[in-house]
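Below: the structure, in structure tokens.
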Amino acid sequence: MIKPLNIGMIGYGFMGRAHSNAYATVNHFFDLPMRPVLKAACARDAAKAKAFADNWGYESVETDWRKLVERKDIDAIDICTPNNLHKEIALACAANKKMILCEKPLAMNGIEGKAMIDAVEKAGVANMVWYNYRRVPAVTLAKQFIDEGKLGRIFHYRAKFLQDWTINPELPQGGQGLWRLDVDAAGSGVSGDLLAHCIDTAVWLNGDMASVSAMTETFVKERKHNLTGKVEKVGIDDACTFFGRFDNGSLANFESTRYARGHKALYTFEINGEHASIFWDLHDLHRLQYFDHRDESKTRGWRSIHVTDGDHPYMGNWWVPGLQIGYESSFVHQVADFIKGVAGGNLSMPTFREAQRTQLILDAVLESAKSQKWVDVAKA
Amino acid sequence: MIKPLNIGMIGYGFMGRAHSNAYATVNHFFDLPMRPVLKAACARDAAKAKAFADNWGYESVETDWRKLVERKDIDAIDICTPNNLHKEIALACAANKKMILCEKPLAMNGIEGKAMIDAVEKAGVANMVWYNYRRVPAVTLAKQFIDEGKLGRIFHYRAKFLQDWTINPELPQGGQGLWRLDVDAAGSGVSGDLLAHCIDTAVWLNGDMASVSAMTETFVKERKHNLTGKVEKVGIDDACTFFGRFDNGSLANFESTRYARGHKALYTFEINGEHASIFWDLHDLHRLQYFDHRDESKTRGWRSIHVTDGDHPYMGNWWVPGLQIGYESSFVHQVADFIKGVAGGNLSMPTFREAQRTQLILDAVLESAKSQKWVDVAKA
Amino acid sequence: MIKPLNIGMIGYGFMGRAHSNAYATVNHFFDLPMRPVLKAACARDAAKAKAFADNWGYESVETDWRKLVERKDIDAIDICTPNNLHKEIALACAANKKMILCEKPLAMNGIEGKAMIDAVEKAGVANMVWYNYRRVPAVTLAKQFIDEGKLGRIFHYRAKFLQDWTINPELPQGGQGLWRLDVDAAGSGVSGDLLAHCIDTAVWLNGDMASVSAMTETFVKERKHNLTGKVEKVGIDDACTFFGRFDNGSLANFESTRYARGHKALYTFEINGEHASIFWDLHDLHRLQYFDHRDESKTRGWRSIHVTDGDHPYMGNWWVPGLQIGYESSFVHQVADFIKGVAGGNLSMPTFREAQRTQLILDAVLESAKSQKWVDVAKA
Amino acid sequence: MIKPLNIGMIGYGFMGRAHSNAYATVNHFFDLPMRPVLKAACARDAAKAKAFADNWGYESVETDWRKLVERKDIDAIDICTPNNLHKEIALACAANKKMILCEKPLAMNGIEGKAMIDAVEKAGVANMVWYNYRRVPAVTLAKQFIDEGKLGRIFHYRAKFLQDWTINPELPQGGQGLWRLDVDAAGSGVSGDLLAHCIDTAVWLNGDMASVSAMTETFVKERKHNLTGKVEKVGIDDACTFFGRFDNGSLANFESTRYARGHKALYTFEINGEHASIFWDLHDLHRLQYFDHRDESKTRGWRSIHVTDGDHPYMGNWWVPGLQIGYESSFVHQVADFIKGVAGGNLSMPTFREAQRTQLILDAVLESAKSQKWVDVAKA
């Protein structure tokens, strides 16, 4: 028998949709012991909550997240709010013994993150952060290659996340759809929004970082604020570049910006090892580029692996070789793994504790950008 | 109020899954007046039908398609059987006033296709063939460019569909998963399976063909047959190449094979017009390559359009710019368009009548390959 | 001691420049027993001949090719005239015991080609045709892969040569720079100009063809003729597509046109073998794409080989890995090989006899396009 | 009348060959008032100097560069020695009123560079540094786009130069072919060798830098030294990453390494402007990637400009559209421009003074790597 996993969703925006699609789809493609049941959707605006619930088939609606968190018929809470609410909600979830699927980044900073870890670990509830790119099949395949030792000693890890959607200075900050530009809601700019993804993948693939040196910039200094109606100082970073050293001795070069004309969501990473290198690009997320120096000399070249074969991660559950899946599937995979974890009594990565590693690196990055000095990354 | 559209599905294989996913997903992303309801799944093997129904949420199971077709609670029948059953089922559907969503190709040949057209048009039922690639956003965008006159007079239309999954001579023919290699079930080999897609897109984008000259080959002459257990002659074409002329004077060059090592599902087309050219590739289906000679001379180049923006076809309903969707979404779009058609009293393309154009071209291609002469394409 | 190889050049156009550059450069990069000495340049227009000779350092000038061919101080004649003069000049060269380096195609047709072969073989003079693409390092590497058996049984050979420079109907035909549009000077259009290259590479890599079926088209039917000043019928083929069968059982699909907007000189070929496939593209001539099915399953992908390493053909003589050479180097390599052949008493491929294979295939292609029937290729 | 420009070459290695080829080739493709005459080649090893001179046609040989510099029949000296000799030779050239074509980087550091500038400017001799990538047609085209204002305000400049040839720890340092690994001869590692190129292009395209923060690493700490025969500490940087700010407010992210498996000479740069972005890659040096946000929304995409048309920089002098030139041509172009400058009484960029900008940035980078602090770039 497939058991229900009763979900309460807080938020109805982009991520609310991506997660809801994953809940609705996962059992069609993965053979699992539990099935998500969409029990309730929560938003302050009742009409919006209702519309969202109707669209996705949530059985009920709440306008106060505290009430949702206390409902007996809910097993797990999905936190899709702006970053500044993560901690408070997570603590309430833990207090009510709810599992938590929290949108990334875990928190506004490491201090909040620490409080959240303490709460969930004390409560003993399953907890996971939606760093979905780990479950893009090509990225998971990269992880397999590294774990198999294909790359050997790592020399370089390079990652970028480039966008171009905030170049227009007339774009306001704050409020729905634009809270990522409001430092009070987001905590930071591209660091927490984009570099967080790059860092999470990096610590997963290449381990922790020891120290960093960073530079940030805010190109547009003032924008109209949607919540006040006034032109206000922009508090977020529009661009953030940092380099540093991993614990394994390899060098880091990370960059993120929303001012790279021509790039919509160009998350790329490249890892250079002694024997082999790997490159991945979110704009063609079903491909992994791989160079193996151990190939016969004359035939060596970067291999463009079309990650759609049955023996590629997750792909045996989808279509046939040659047919790519989309961005949304990464969330489907994450739910599948979460359910397996819950059913098997294991936590599914990244847990709050693991996601905290990204938080601590981000703290060091932002401190370095401010102090203009190298900063050691705090140990979790 | 959203009305139900009660679906009866015949088949449970690859296409049964792709269509079921589309029915389950479409209303989450498209605002539509009807919602597919999965009433019944039908297959000869009761256990398989049951498992399929459970997985996708079909409410009931049938093992005799004739019974399904006669059920009063079904509005539309989805035909996902091997090609040799399309006609018989479609005629029964028409007799029972069911709408039909028929997997491609429409039929085994033009004669069957004609009978099917006559039946559905006489019955006045909605009818559509699952040539899903029309609804890949990049392909739909190509259609927009052509309709806007961006290309000007067309000189060349070039299409290929290359695979490599039947090179191993130990692969048997016939039976589940392998009926495409059995001429009795499939009617032909790569022609009906792969070139049919190329031709459907071509007639949609570039109009009808006047005449063709073709060559076919069967590289592996005998294979064990799963239904008889004996080694039997292979009746299908492993490869088919043809050239010809479109009604608009442009030249056609089409090729398909299952013996192109390294290509899993490489459906590509390129159109060369007086002013501009277009290229598309199923392996990176979210991109359209576009060259416009009217660009300033020094800046001319092939543009790699990442078809994920809000003003690209269908994409406003999905995520944000830069995030690609997968193969399965093309079916979602086709269901969305079908429902809009049904609700608005219009037929959704390609209807049986339009899909027949592909059938008649395929007939000419196969006749030419046999006679080794040019063959005029019959007019529908 | 390095001996002189005294060259007499007939022609001063594009190919005259490409060959002269090769003569001037070859000894700087290749250690050879002979050095080309530019003795005389010949053209009907004395001023143009003089300017050309001055630019490239030819020691003298002739305005009558017959006089050049008779000069005692010339060892080898380079024929860079329009196609309709190749035969007559070659026969005179043979009569005067001159070695011949003849621009491609060998002749206007197979009958002329036969006369040329007879003449040079009777005279016992070294003879070679400038099918330069064989000496592009990536193409030579493809030949090595095939000779080593990397591909296994060949199923498909696909080649295209696409250009777009004659789309404008105002472009005249005939005369200098435009003789390729004048059927009297060129013999044919894209067939002899572009497909000839594709066919030469193909017979080198994949052996002879048995039979072909072709289609040609002339999109612009009349153009002003530069030699008469009148609008005249265009006699050449603007586009030519053919398929056929090689002697080894593999299938051919060839196409050429000057009406493919966006492509300047897109000569591509792809070979699909049982074990591996190869793809090459003149627009990025220093790369070879290679797919090997024997790679470990999860890591398989098309390899983009940057053919610039020291163990790649010819590349040890140039720069360092990563630094590409240009189109012109293919001619340098051909001269190097020619000199090695002359010094070693061997003929350098393709000789007239080997180039005749292309001529006979072209004859069959053009006959098929006219008769609209399959045509067997004559055996050399 | 074309006048002679009498060249004396010091050095016979990779760069000696690249420059010699440029002198031998330039007048064949460019219509110039002067022609380089290869008067003398100089190297300490007489046999090597002789072999080099014979190969390239230098009329004479010297084994003492001081004698060469004093010869009356020499107009210009080409310095192709290791970096630690540049200054001394340049000062002697200036004292002898010789023009100087100096291999990059200009000097070991800014102090040496300053002395060299003073010397040549006082002597009034033409002086140029071989930053050849400025004359790659695609890079020159990028410069044109920027000068025309196509990009608008610049936000980001990103450059990398990645190689992989020193990963093997058995590779020795020092001596011919390997002096780049010897800090005494080279001054630094990848900074002066590779980043120097990236920086020169950057200051040309985007102006000066204000301040930088850098990190260097030496992965292999000890290597056998060819000059001493002993295992010695490695003094060069194997990898160098830095970020910083340009005077125009844009952000810099630069990286170089010889430990990036799979990359031979991957020099890339990307510039993100308000309206448009540009990307270039040395591995496909004849292409420029260009994205223009002002294109019609639905058709926007990165354009792959195949920089081979007649109206592209330098390309009208070579072949026809679609046919690429190689790495070596950049030197040909630089000689052509140098000659035009000399004939016209103008200095050809980059002069010593302009190349000094790169030297000062490198000084700041290396100081920052050492001090682990931000460093302001000294003004020239």
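Going by the order they are written in, the chains are A, B, C and D; count residues from 1 in each one.
The rule we apply is simple: a residue touches a chain if its C-beta (ideal position, glycine included) is under 8 Å from a C-beta of that chain, and two chains touch if they have at least 3 such contacts.
On a predicted model such as this, the values are computed, not experimentally measured, just so you know.
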Quiz item: Hey, which chain ends up farthest from chain B, C-alpha centres compared?
Solution: D
Exercise. Please work out which of A-C and C-D is bridged by more C-beta pairs in contact, and write that pair.
Key: C-D
Practice problem: List the centre-to-centre spacing of chain C and chain D in whole Å, with centres computed as mean CA coordinates. | Solution: 36
Quiz item: Cα centroid separation between chain B and chain C, in whole Å?
Solution: 42
Quiz prompt | Between chain C and chain A, distance of the C-alpha-averaged centres to the nearest whole Å | solution = 55
Quiz item: What are the residues of chain A that contact at least two other chains?
Solution: 263, 302, 306, 309
Self-check item: Contact set on chain B toward chain C in their complex
Solution: 155-156, 158, 162, 164, 167, 213, 215, 217, 219, 239, 241-245, 251, 253, 255, 257, 259-263, 272-277, 291, 293, 302, 372-374
Quiz item: In their shared complex, at which residues does chain C touch chain D?
Solution: 14, 17-18, 20-21, 24-25, 27-28, 55-56, 163, 165, 263-266, 282-285, 287, 306, 308-309, 318-329
Quiz item: Okay, in this complex, where on chain A does chain C touch?
Solution: 141, 144-145, 150, 288-290, 292, 295, 297-306, 309, 311-312
